[in-house]
Amino acid sequence: MAEATEAVLAGPAPQRRLRTALKNGRVLFGGTVLAALVVLAAGAPLIAPHDPLSQDLISSFLPPSWAPGGEAEYLLGTDSLGRDILSRLIFGAQIALTVAVVASFFAALIGTFLGLLAGYYGGWVDWLISRLVEIWMAFPAVLLSIVLVAVIGTGLHSVIVAIAVIDWTRFCRVVRAETMVQRRQDYVASAVTIGLSRRRTLFAEILPNVVPLLIVLFTLEMGIAIIVEAILSFVGLSVSSDTATWGGLIQEGRLYINQVPWLMVLPMICIILSVLGLNALGDGLRASLDPVMRR
Amino acid sequence: MTGLLEVQALHIDLGGGRNRKPILRGIDFEIPVGGVHGLVGESGAGKTMVGKAVLGLLPPAARIPRGSIMFDRIDVTNLPERARRHLLGRGMALIPQDPMTSLNPAIRVGQQITDLLQVHLALDEGAARTRMLELLHDVHIRQPERVARLYAHELSGGMRQRILIASAFALRPKLIVADEPTTALDVTVQRQVLRLIKDLQASVGTTILFITHDLGVVAKICDTVSVLHTGRVVEAGPVRTLFAWPRHPYTQALFAATPRYDRPGERLKPVPPELTAHLQAEAVAYDRSVAWDRGRA
Amino acid sequence: MSAVFLLKRLILAVPTLFGVTVIVFVLLRVVPGDPINMMIGPGATPQDIQQLREIYGLDKSIWDQFVIYLRDLAHGQFGTSISLRQDVLHLILGRLPVTIELCLMAMWLAIATGVWLGLIGAYGRGRWPEAAVDGFSGLVLAIPDFLWALLFILLLGVAIPIMPISGRLDFDTEFKPYTEFYLIESLVRGDFHVFLSVLLHMILPAVALALPLTAIIARVLKSSINEVMTQDYIMMARAKGYDRRRIIVREALRNALIPTVTLTGVQFTFLVGGTVLIERIFAYPGLGNMAVDAVINRDLPLIQGIVLTFAVLFLVINLLVDLTYAILNPRLRHG
């Protein structure tokens, strides 16, 4: 009976290989996207051909270099103020990645902390935190983020705070569930037997086992953060419009869409690729971590 | 062979390939028109599968590797979907085991019957409604207008089963498969429902395949009976004969294990494990011979 | 059911509403930065600033401000917009019908399309229709709705310029409406030219709004129907000789809708929340668009009023969802 179950769980051999390949494909694709983002963000001053802020009004609205009227100097064309789009895109990646990492980190911090507490201590602690999560999640994110930015003021810091404050519930719910599962495992019982305090058990034993799941959530959260940043900068609630952000570029492109459509298309492609890549990475990691964790 | 329903050498397996598990190992029985035939056996003996096979409602994992089911001289063993649908409702109907889960919780019970009438008989709403109320009356439901407007969860178990019985008889089918229709009911209600089925059968002349694990029920309603164990018929015959002179040791053991209301203090004797083991060994031997045959072919 | 149930839900809504007003008030008073400064032109004297402060009540203590705020609310007084210099309530009422019209159209689209897709996915189980529906919903949900909106603009507004991409009407349209419900009014007045124009302007933003909800409804309903199909009463339906189409639509659907409503209910409020972005992208003159401007301009009274309005809308939607659930579930109708 046990072997039958094993056989069913493992799946026939060829299927398993396919799944591994797929999962690796996703991780591969996602990992490449992430790596590209990191490289672009870190090396922006070196990689970008121009200063993203320098204007050249004579060369405004130039199409990409391969299109008629384009110039080799401005590879992807220029915007309304003659600024090089490619450079602005690269520096936009810097902003996107920064926001993604920092905001996700804080969201993870808050969410994981509360989730661990709720999952481990149970009782009224759990009840309180769960109610909080419920109420929090009942608010549509867009509305909440806009109100938050109204409160804090525009700027990158408020974008980061907005994302962290709105989306920590994502981490909290998952961590809570996972903690509850882990709490029932043997190693926790043995830790308690040895005489580890509850708090030590929680942070020293359970937390490390929750970390793989956290990594998955983190990558997914980064994708969300990039989108939210793009939305807020599109709407004009992020950094000043001079600074290059993907959302800001889209907004500008929207204004001039009839004359220079590529101005809107290019940042959109960047966002879509980043988000799809990060999602793929998260899904792929989740797939490879799942059977390990369930054991 | 002139029965309305003729089952010959019916084998049913669950799953295929290496995971194949035999449920029925060659069942034969025949029901003449207007007859009531009982299929008795312990739970898991495969009797419900017979009913499902006859109706064509076997689960997707079930297979019929050998044997045949003839209904009204038509081979319905592996009937394609379309033909099957023509048959169901007007040719055959089902009285299910669990009245609560077998009624649609979101549709009023009366509506479930009028829908049936309208789909198969192309009646208009008024005519269907009249007929439906008649049917409710036939199954002794008082205040049929009121009950028809209720939902399944607002009725008692006995009432629900009456609705299902009304539904089964609605189109005057030739054959009704009753799959343990009284098992989920209280004892007092059981008797009423059994009497109801018996009366309806007598007045309409429907053929019934009655599946049950209760010999007492068989005594009350069946003309003939087949006793099943491990997917094979161990004994069969007219009810009177079998009850008076049970020949197979398993049948005898079944009788001994049945509570008798006229002998309240009597001790029940469970079926002796050696007998069960013996029958199971016979089944295994049968499977091996079948597999050997298959391997040869 | 009806009266008592509704009453209970309404009564529950009141403290929630109050909680929202408090939160809104508190949040916006915590604002760093001075809204007054934003409205002042150069050369304003301290007296001018002080005067303005008094007019907007910003010179009083927080507690006083709160009391005044509540009192005014009770009288239907939402204050005056700092950036637009008009009565807030008046401004909101001017734009509310626009957003409501848009949301209603989006919801209708989402429900009709979502249910249809869910049915197809369930009917074609294990074959290409199911895969198609899954693929569609996966794709839709993978890309955030504001990107879809922009894609629509690109594809249908610019690349193949067949749809208008901003505003409610073309510039040159002559239309003197009595209400802000352009669509209904133009239809009622028989002004088909205008009706068509309004409709065309509405379609892209409505579809963009509806997309996520559509995908979710399709997915949840399909899965729900598949669940229901394993039930005994469905087997009974087969035993009655019903064909698959009838079983799915007449027997299974009703039961499958119940959990679907529960699971997708909250998405309807997200749709309303989505108007903030979508209206912005399409330059559609609704409440959401005004909200963004209000935030950019730090217009406290206006922000307050709009957020309150949205909160009321969310409550109404939740109420309606609960009502729908109660209607669909026979156990709640008589109990």
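By letter and in written order, the chains are A, B and C; residue numbering begins at 1 in each of them.
One rule holds in what follows: contacts are C-beta pairs under 8 Å (C-beta built on N, C-alpha and C of every residue); 3 or more make two chains touch, one makes a residue touch a chain.
Since the structure is predicted, the reported quantities are computational estimates derived from the model, not experimental observations.
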| item | value |
| --- | --- |
| Chain contact graph, described as a line, ring, star, complete graph or other shape | line |
| Centroid comparison with chain A (C-alpha atoms), farthest chain | B |
| Core chain by centroid distance, with centroids computed from Cα atoms only | C |
| Maximum inter-chain contact count - chain pair | A-C |
| Centroid spacing, where centroids are CA-atom means, of chain A and chain C in whole angstrom | 26 |
| Between chain A and chain B, centroid-to-centroid distance (C-alpha), Å | 59 |
| Averaged-CA centre spacing for the pair chain C and chain B, given as whole angstrom | 54 |
| Touching two or more other chains - residues of chain A | none |
| Interface hub residues of chain B, defined as touching at least two other chains | none |
| Touching residues (chain side chain C, partner chain A) in the complex | 24, 27-28, 30-33, 142-144, 146-147, 150-151, 153-154, 157-159, 165, 266, 269-270, 272-274, 276-277, 280-281, 291-292, 294-296, 298, 303, 307, 310, 314 |
| Of chain B, residues touching chain C in the complex | 55, 57, 85-90, 93-94, 96, 98, 101-107, 115-116, 119-120, 151, 153-154, 164, 167 |
| Interface residues, chain C side, partner chain B - complex | 231-233, 235-243, 246, 250-251, 254-255, 258, 328-331, 334 |
| Residues on chain A engaged by chain C in the complex (per definition of touch) | 138, 140-143, 146-154, 227, 230-231, 234-237, 250, 254, 257-258, 261, 264-265, 268, 271-272, 275-276, 279 |
